[in-house]
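Please go over the structures that come below.
Both complexes below contain chain A, partnered by chain B and then by chain C.
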Partner chain A sequence: MAAASGTNDLSSEMELDAFRRLFPLSFHERHLLESIRPDGRPLGRARDTSLSLGAVASANGSALAKIGCTTMLAAIKLEVMTPTVEAPDEGCIAIDFHMPPICSPLIRPGRPAEVAPVISKQLSDTILSSGTIDLKELCLVSGKAAWMAYLDIYCLDADGALFDAALLSAVAAFSHLQIPVVSLNDDGRIVLVSEENGGSMKEKEPVNKEKIKLKMNSQPFSLTCILHKNYILADPISEEESIMETYLTVVLDTNYQLVSLNKPGGPGLASTSSIQDCIALAQKRVKELQQILSEAISDMEVD
Partner chain B sequence: MAGKPGAAAPTYSPSTGHRKKRPTIQTDSEWVRPDGRGLHQCRPAFLKTGAVNSSSGSAYAEFGNTKVIVSVFGPRESKKAMMYSNAGRLNCNVSYTTFASPVRGQTPETKDLSSMLHKALEGAIILKSFPKTTVDVFALVLESGGSDLPVITSCASLALADAGIMLYDMVASVSVSCIGKNLLIDPVSEEESLQDGALMITCMPSRNEVTQMTVTGEWSTTKINEAMQLCLDACSKLGKVMRSCLKEAASAPQD
Partner chain C sequence: MDIERAGGRGANQLRPIDCFRDVLSRAHGSASCSQGETRVLAAVFGPKAGTKKNENPEKACIEVIWKPKTGQIGKTEKELEMILKRTLQNICLLSVHPNTTTSIIVQVVHDDGSLLPCAIHATCAALVDAGIPLKSLAVSLCCCLTESGQILLDPSKLEEQKMKAFVCLVFPSSVNSVLPEESTPATTKSTEQEIITSLTHGVMTVDDYFHCVEQGRAAVAPLSNILKKKMRSQSAGKSSKAA
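Showing the complex of A and B:
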């Protein structure tokens, strides 16, 4: 191609950073020819992931997830609500994803990122449809009081694969969640049980002895892959996402069942074989993430 | 929203049944600080630069329970609607997470804080070094444990230094609360809610110049002088801590 040879001529004269900024697509494609990416990863490998639970002391459950440079902070605060008439035994989960201006140069205060409500809805749908949390566990007094869990996820640094990091932090925050001990007041309000109150309050059964943890069924984990020509790149960085626009997100649970598959348009087309390759990569990733999550949980318990 | 739609019914946070009675403060009694510090002792500060990779410069500050991240972007192109200006512009924005305060969703006036941050920093930045462009300073308060604005200001100046923006000096900020006859430096939220007066000083320690001073509440002249002196001493110590943080970051091996 004339264009490629044109850039090839320039590439011998130009500095690496300048070439990367001016011809990003050729820069990345030159790497893909060697089956590697600019940061040295093979095509199917995700970035280093780390997880830390209990980052926010004032919340009932929280987690900080880092995939490469992408950082997400998730926190859950519990409040009491009256359950609906149709579902008197069920609590409620409200999931909100925020991208504050600190996370990326493209976001201005007062003008929320376009991608934030999309990811927010995706997260909401994924977590609820995966059946990870049984809403009946959030019930306090049938028909009168139930927990409303407000899950807020903040992106602190946006460097690609935002959905993956957000989902990981949400799942980790739920596994760290501790429901406080409460009892029913004489006025019909729920109050926290503190040591000073003693036995003067009427004790209610659900959370009597100690702070309990939420029981989670199989947890969902995801992997986003970029489809570009014949290549499949797992866990893209933001530079890759901006130049190669077609991506596919696969969400699997710990039993390797498919929870959701999302390919939102894009110029590239996904054949059945590439979808199956992505699912295979996602399966490997689920194993890695499960390992990381269980290590983080056991680290917390040791403390 | 999960569960059934239309769950717009108000939710409440289960607080303890007995409200904590506001402790009657005898005017001549000694105040005991909830975290066991001395009256003139600041909280230990944890400062780190380079927290956010996507920004030109960033810093994370943790003073006790107050945790703040500040990102600096720029100098970058000013909005087209702005007129030409020989000097650079500064744009500040402060926001709180929903879980920053103990009661969900109850955030202080962030517009007020944003404009105060702007006033505190603009005296320290050499605006002439980046004409026609804007430097954006965005702060996110992750957890609000008292004395928020001083922590935001100090963290912002560290982030500006990390971004390589030319400054006349580091900007350090400390606040003092007055409860009865006691002067408490670097108050926590509980102390701030009981205070009779507050004084905040933002200064450039090495140049001995004050960029911003805010006094609210009841103060006598002697008290103000004493409080100012406390603040200035604390600011110079904080300035040294900030400089050593920058030196460490600069001398750390590049990966």
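Showing the complex of A and C:
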């Protein structure tokens, strides 16, 4: 309590930025008492989100997602590979998350971020266990050839809620994915069918002329919330994440089933009622994100 | 319809737990915990002077190194290290020794399901063995969900792979959990166990998740009694290691 009265005495004389740097927790708590956050958002609202599909022209599918200042670029490249013996009619997806030094002043060139492999693993678990992509759709010739999809997500600006933005960009990249038309040539190898070979189509039947776009079942969307005393802050910025360290990530799919609920420890505890509140906030967020994704897809199709 | 489990275990039955402290002579604290066939060894070194670069020097820092049984260290191990570190940040009293680092090394001896709960129990016992100040112990368990919606506690590896989804929960094991039942009927609402850590894998409905949490809460008291008994039984005549 002595610290609080000390800050009260100083706050009248101190400049706002100095107070924010010296006493970050009191600065944020003063805002929370008024049910608002330093950037003017109410506690349960996420930042402005935007999606842009087809950001990388050379990739088979790509998307750029921005939640507030957090920016993620996802790109998918497809390669033909032989499927495993245990799953001869299934393709494979390899997901990798990179945090290059451009995204944050805390990340130096030689030193990879600690958070990057963790988010990478969580993304692969979420996307593969949510069943949103049926691996059988990536099959070309059963037992001989299938697609390997390499999904790479680059963080271009790390400003909190990295997992949310990464998952959104991954889902958007998959919905933009165009599988190229291929055919089996005489050597038994898969080759790309290009536009000029119109005449030789008779000998080389395209293997997959129907499957151009992946069919996605219920897509997963996520929301990260910070739990601080009795407050729940949705979609934190990096400053809030570093001060109030307890967070909870809820991933719901479009059928409102729980794909993942991740609370990795932290100084605060979560009661059932706060988890229920976070799930309710996540349900609202799923609706918003679904709308944003479908608008982005229809914008692409108009072009 | 009840699913039959190997060894005739009931849906709510946990595998036999065993916990030994002071298994390593050079570490400041060590413990080995086994749940059924799963076995984990934990060693604690610390507190050592100084914190790592980006950590807060006004608090103690915890560093976890997870060693798998086979293979190289990859993303799975990094994720488990982060989860264990953050869980321990909740139960350790970090302000008692500021500007110090406590290193915890977890070695997986055998993985037969419920690996993270076993590791958490081994780590808590090792911290107790090393004398690191703790707010409370942590009690953890895994439950998995079958296709029919039945909840099975403490799954083995085969069960984990076959099930639709599983949840891993960590609760603080506070004094309330060892009080006799007659004294807590009026206050059961306010002393509801809050969750330190919760991880899920697989798709489930929100209601299923909360059922798993309820089952988990019900198992906290007996599990923490067993663990405390195991830890107490070895504490006679121990000298300090840190000297």
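Convention: the second predicted complex is superposed on the first by the 291 of 303 C-alpha atoms of A that agree within 3 Å, B and C clash if a C-alpha of one lies under 4 Å from a C-alpha of the other, contacts with A are read in each partner's own complex, and residues count from 1 in each chain.
Following the convention adopted for this analysis, a contact is a pair of C-beta atoms (placed from the backbone, for glycine too) under 8 Å apart; a residue touches a chain by one contact, two chains touch by 3 or more.
These figures come from a predicted structure and were not determined experimentally.
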Superposition on chain A - do chain B and chain C clash or fit: fit
Which of chain B and chain C A:112 touches, first, second, both or neither: neither
Touching partner for A:38 - first (chain B), second (chain C), both, neither: neither
First, second, both or neither for A:88, with chain B first and chain C second: neither
Touched partner set for A:24, first chain B, second chain C, both or neither: neither
First (chain B), second (chain C), both or neither touched by A:253: second
First, second, both or neither for A:269, with chain B first and chain C second: second
Chain B versus chain C as contact partner of A:135, first or second or both or neither: first
Angle at the Cα centre of chain A, taken between the Cα centres of chain B and chain C once the superposition is applied, in steps of 10 degrees: 120
Per-residue touch tally on chain A - higher for chain B or for chain C: B
Where chain B and chain C come nearest after superposition, their Cα distance in Å: 10
Chain B and chain C contact sites that coincide on chain A, given as residue numbers: none
Residues on chain B engaged by chain A in the complex (per definition of touch): 1-4, 6-7, 9-18, 51-55, 58, 65, 69-71, 73, 76, 93, 95, 97-102, 104, 136, 138-140, 142-143
Chain C to chain A touching residues, read off their complex: 54, 74-76, 78-79, 82-90, 167, 170, 172, 192, 194-206, 208-210, 213
In the complex with chain C, residue positions of chain A that touch it: 106, 114-115, 117-118, 120-122, 125, 129-131, 245, 253, 256-272, 275-276, 279
Complex contacts: residues of chain A adjacent to chain B: 56-59, 62, 69, 71, 73, 75, 77-82, 84, 86-87, 90-96, 98, 100-105, 109, 124, 127-128, 135, 148, 150, 152, 154, 156-159, 180, 182, 185, 189-192, 194, 196-197, 201, 238
